[in-house]
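Supplied in structure tokens, the structure appears directly below.
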Amino acid sequence: MGIQEQYISEAAGLLSSGAVKLVIGYSEGSTTDRRRPVFVRTPAEAERLMLDGACVANLSTYLLSEGLLSDGKSVAVFLKPDGIRSINILAAEAQLNPEQLVIFGFDIQNGQARPLQGRKISDFTPIVEAARAAGLSPELQGEAERLEHISAAERFEYWKEQFSKCIKCYACRQVCPMCYCRRCIVDVNQPQWVNTSSHTLGNFEWNIVRAFHLAGRCVACGGCDRSCPVNIPLRLINHRMAKEVLDAFDYYAGESTDQKPVLATFRPDDPETFIL
Amino acid sequence: MSEPFEPKIVAFVCTYCTYAGADLAGTSRMKYASNVRMVRLPCTGRISPMFILKALQKGADGVLVSGCHPGDCHFAQGNYHARRRWTVFRALLAFTGIPEQRIRFSWISAAEGAKFADLINTLTEDIRKLGPFDQYHELQKVIETQATY
Amino acid sequence: MAKIGVFVCHCGENIASMVDTANLVAEISEHPGVEICTEYKYFCSEPGQETVKRAIREHNLTGVVVAACSPRMHEQTFRKACAEAGLNPYMLELANIREQCSWVHTEKDEATEKAIEITRSLIEKVKRNNALFPISVPVTRRAMVIGGGIAGIQAALDIANAGREVVLVEREPSIGGHMSQISETFPTLDCSQCILTPRMVETVQHPNITVMTYSEVEEVDGYIGNFTVKVRRKARYVRMETCTGCGDCIQKCPVKKIPSEFECGLGNRSAIYTPFAQAVPNVPVIDRSRCLYFKNGKCAICKKTCQIDSIDFDQQDTIETIEVGAIVVATGFQVQNTSLYGEYGYGRYKDVITGLHFERLASASGPTAGKIRRPSDGKEPETVVFIQCAGSRDVSKGVRYCSKICCMYTAKHAMLYSHKVHDGDTKIFYMDIRAAGKGYDEFTRRAIEEDHAGYVRGRVSKIFEENGKLIVRGVDMLLGRPVEVAADMVVLATAMVPQPDAKDFAKIIGIGYDEYGFFNEAHLKLRPVETATAGIYLAGACQSPKDIPDSVSQASAAAAKILGLFSREHLEREPVIATVSDSTCAGCWGCVTACPYNAIDHRDINDRNGNLIKRVASVNPGLCQGCGTCVSFCRSNSIDLAGFTEKQIFAEVMAL
Amino acid sequence: MTRILLKNKLDDCIAAWRSAGFSVLAPVRRSDLSRFDEVERSADMALDLVLTERTIKDHFFPQTEPLVKYRIKKHDIDSQEMLPPDRKRVFFGVRPCDASGLAIDDPLFGWDYRDEYWFKRRDNAVIVTIACTASDDFCMCTSVNLAPDSTKGSDVILRPLQNGNGWLVEALSDRGNALLEPIASILQEGSESPAPSASVPVRFDVEKVMEWLADPASFESHFWKDISVRCIGCGSCTFLCPTCHCFDIQDEGDTYTGIRRKNWDSCSFPMFTMHTSGHNPRNTQSTRWRQRIMHKFNYYRGKFGVNSCSGCGRCTRQCPVDMGITETLQAITNLPK
């Protein structure tokens, strides 16, 4: 039995026993290479579930849908290691109770979905440890370094061009499990810290602020980057932040359900070579 | 000969150390460049990165953020939190091409009037050498311009 | 609509000479929302303040900007004036055009331009100020005094005598501090013990004072009026309740050759000991690291000796939690380790000693019973050299500051020596004689004129041993030639330095310290007794080097401050605190983690039927100190700081 | 009498228009994004795209547009209107769906007052459309009564030749005729036949959709909740839509001066309907999605007699969670009677 069949049958079982009220997974999309998120509530519907190498979206975002978990009932969700780290952060930031989750963990290797052992968040500690040990993506690092090797002025021009494309649709924010604020900073208008207009200045401010808010929280699931309808390489800026907190504070986002936020904690001997 | 460029610099400082240090520079009648405008906050912990972006939007060619030395924070820990934020924010700005030389951070205690005066002079001179931050200010100018089509 | 009054102060010529105030007034008068803008020579003067008050009343001003000196100088003055005119005192901002403008710039047009911009920016801020009202918090009318030296004793007695409870915490086995080590005191040559011991006894017997010796403060939580202090009572292994202080155990203790800390190593003590004969309380402690019983489980002679079974080897440290409303920090000083002066040979030559050693030698209760005997061979020294500033006022090796007491005690030492060794000879190497104080200069004159103290102005470059003598080589600056003295003993006037753990302690209790580790006062001149942390006060040499009368005065001052605080059951606090926007708080608790004061907690918001709607952060107004760390952390801007709100700062920046 | 524009004459054509005072905008792929932008040479154009990622709406109704510049003085305010300049533009290589989008929006910007900012640009623009010979899985013009060779909203239509060398040229309006004048000598007479139009399947029954939406009972149907459950509430579908036209007015500035701006807004955003009181009449994503569908296929036609959809399919094509109008309208089509 392949992973898809195995997970479908298990999901159906959980639904029919009432162990979970909902399974959030993937189903067929509007084209052959697309998978779309699906909400399965009955055992019969479980047949719609799919799991293969095209299932890339981080579904943890949906767990924060208003009221979804407030009845205390359990929900099953399909998650890759990045999504599992998201759950750790969301639990650490008190946005959900991980005890309510049944996690169908999987990883994609060579284009194939492979099962991950365990169903509870605590079962995946070794997976997260392994992810940390494997380090940040060398691919992203390579791309980021290419940018870092050019002059600041050239880099500014690069981002100016990229951010000028932004239309402030906020797909990056909406798809991100970390962007759960009830009122985004950009919607604060007293005072209006971030210019809401999508001129390049406003776009610069928006993208910088979002990257800052994701520092130490982004798990590099790539959701924002994939969602961006105007193809801004958001992955790079988020990667740069992840690298900064790792290098400066030895901090890797989403390690556990009780990890403290990197920017709400400190060590007296934190590096400060840049401070005069 | 054109006038030498006079940079606009905005400083965000805590009231207990750097602001007091600036006061000390004053009571000691030290002289320094007049390019800096100070915004007084209770603690560096109160200084949000947004302040820096707004100062740039308002035409600042440089920004100074300054507070108590580690261990000396009136609020015990505010500056440690600030330091982490600065580390991250500074890396972010640098990555987006906002030169590190324009956004400076320092610790200046209430007793360091001379350090304050020196820093303002050095900073002003450094920014003067860099020239106006046209690249960023251009973004604001574009906003104020009529549409081209 | 905002109606802002702007008052431009000349500060005599201080501002007006560098800022074109007429131009400033003209520019500011055109600023939107400015109802009235005037200038005057001294707005802080009575008629100046009257002008402000009248303008507030006549123009119904909604906010006031005084363009003058630093808010650190006169913010309170003008807040009071506003309040008297019926305007909320927090509707005021000071535009600092003196310390940060007229005094530091040299070009009038630049300074004027800057003054205009500063003032405009604060007008925009004040437009967004909110009326704030002081926060009332209950006061626990019990004080804690940390440190049982003369400063701590004085503070404790003053507070207790005024009828308030005091907890006095001392980490040594006895109270008394450095003063108990001193032989006689300048300038009266009173016997130190004679004047101190009665105070010590009074303290321990006072019904309002609880003395906790051999105890250390481990944790301080809370805020003015409401501190919670955790104190570790170290195990004495002797029951305080029953011990009569007979001293039999000390006599019988077989471990006797331990250098006594009290005697600066000039005498010995046993493993069970009281630091000195007049110790208060007169209850010994067992030095666990030296006691044979603790080392190998054998001995226990003290336990066998004690007739009332007061020895308890099973005693454990206990932690006591004490609620107090105010704290006096009187943790004292240490003498600097002078071995850093290799050329003086301290530590190498037994007869090179510190001033504190000399006190013990001169003390009637000391190891030599008051006879001056040099440590190496117990002989009476015929020539004694005193070296002042052996550490103080020395940028390269010692400390930059003056330790203040050394000139006086060196004169005293020379005097005591000449009283005890009539044909003895003294040489005092000094840089200056600093003898400011009541009877002080007379005292040093007496040392010179009556007791023939041999003052030599100059520094000592080297001390070496030759034929049983200490050869002191220096320079006499007044004569302009080198001098060499063959001495029998050399006394170094070492620097007074902070306690080695002063910085750690400052962090525990939450107060500031200077580059040396002396604790910082709130204002060197005007608030020398308070710390920047409300409710915590300083007394004695933990703040800076002090002699006994200064320490006692400061202790009484601290007591007076505390008694003022305790005069009411509630106190009013600055309302500069954080507040949470319930509707937008997402409950991530980042602010809870970040808050340095644990002032933020969770709060449930329920519907009418009591069902939980959401949990939000909630600020305890008693604990919040108003740093604003939480505000900058909050990603959704759901927490704000009164007096420095996001709106205010935004407006300030956008006006620049 | 058919006229032909050969591909190898395109550069001459651009040059002729430019010297006649037109800016020429065409599909380009710049900084990893396909859109309309000014071109000087045919080599800059990306005419092989099925559709640009961004629509030409951007050039008539920009994402952010300055309306008024103001300066705050002590007792009053100086203000100065910031109308766009008169600038003649040719949009070359527009797809029929995007061209139709402009025509769909015209009545909206003129029904109660004439929106100068829209019409100044419309009046100065000539739309040269190229009929589609290719489509993708998301195209749905045929489902909304349009076609790969619709002429709605176009001033000139170009139909690709069978041999791929150029286009049959047909002017559809006075403005189109006028545009062909400067290139009259560049065009040729010919009799080549056009390539067949792209075959775009009909994906839903729009008549049935309109009928169902018009039924008051549909408004409260649980259908909306089910169909929109995975919508994340971003604005990418609305901002990439050639007909979405909602905007918000914002003042941006400092203490002294500022600009009043017209910014795109999206019915997908919770803040779109947020009242000052804190009450939000459309406080769930399903009610917002319902609004979007209702507006496009019910309310808009009620007011302007036309559906506010030109079938470009961008809403689905670029949706982060693979939603879009097609899926919803298919589901309505498949609802049991």
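Points to keep in mind about this one:
Note that the chains are named A, B, C and D in the order they appear, and that numbering of residues resets to 1 at the start of each chain.
To be clear about the criterion, a residue touches a chain if its C-beta (ideal position, glycine included) is under 8 Å from a C-beta of that chain, and two chains touch if they have at least 3 such contacts.
From a predicted model like this one, the values you see are computed outputs, not experimental measurements.
A count of contacting C-beta pairs for A-D and for B-D identifies A-D as the more extensively joined pair. When every chain is reduced to the mean of its C-alpha atoms, the one closest to the centre of the whole protein set is B. Taking the mean of the C-alpha atoms as each chain's centre, chain A and chain D sit 32 Å apart.
Chain D has its Cα centroid 45 Å from the Cα centroid of chain B. Averaged C-alpha coordinates give centres for chain A and chain C that are 50 Å from one another. Averaged C-alpha coordinates put the centre of chain C at 72 Å from the centre of chain D.
The multi-chain contact residues of chain B, meaning those touching 2 or more other chains, are 49, 54, 58, 71, 77, 81, 85, 143. Of all residues in chain A, those touching 2 or more other chains are 185, 192-193, 195, 197, 199, 263-265, listed in ascending order. Residues of chain C found to touch two or more other chains are 583, 594, 633, 646, 650-651, 654. In terms of which chains touch, the assembly is arranged so that all chains touch all other chains.
Touching chain B in their complex are the following residues of chain D: 23, 59, 62, 65-66, 69, 82-85, 87, 89, 121, 252, 254, 257, 259. Listed in rising order, the residues of chain D touching chain C in the complex are 72-74, 254-256, 278.
Looking at the complex, you find that chain A touches chain C at residues 93-95, 180-185, 188, 190-193, 213, 260-261, 263-265. Of all the residues in chain C, the ones that touch chain A in their complex are 583-591, 593-594, 615, 633, 635-638, 646-647, 650-651. Per the touch definition, chain B reaches chain D in the complex via residues 58, 143-149.
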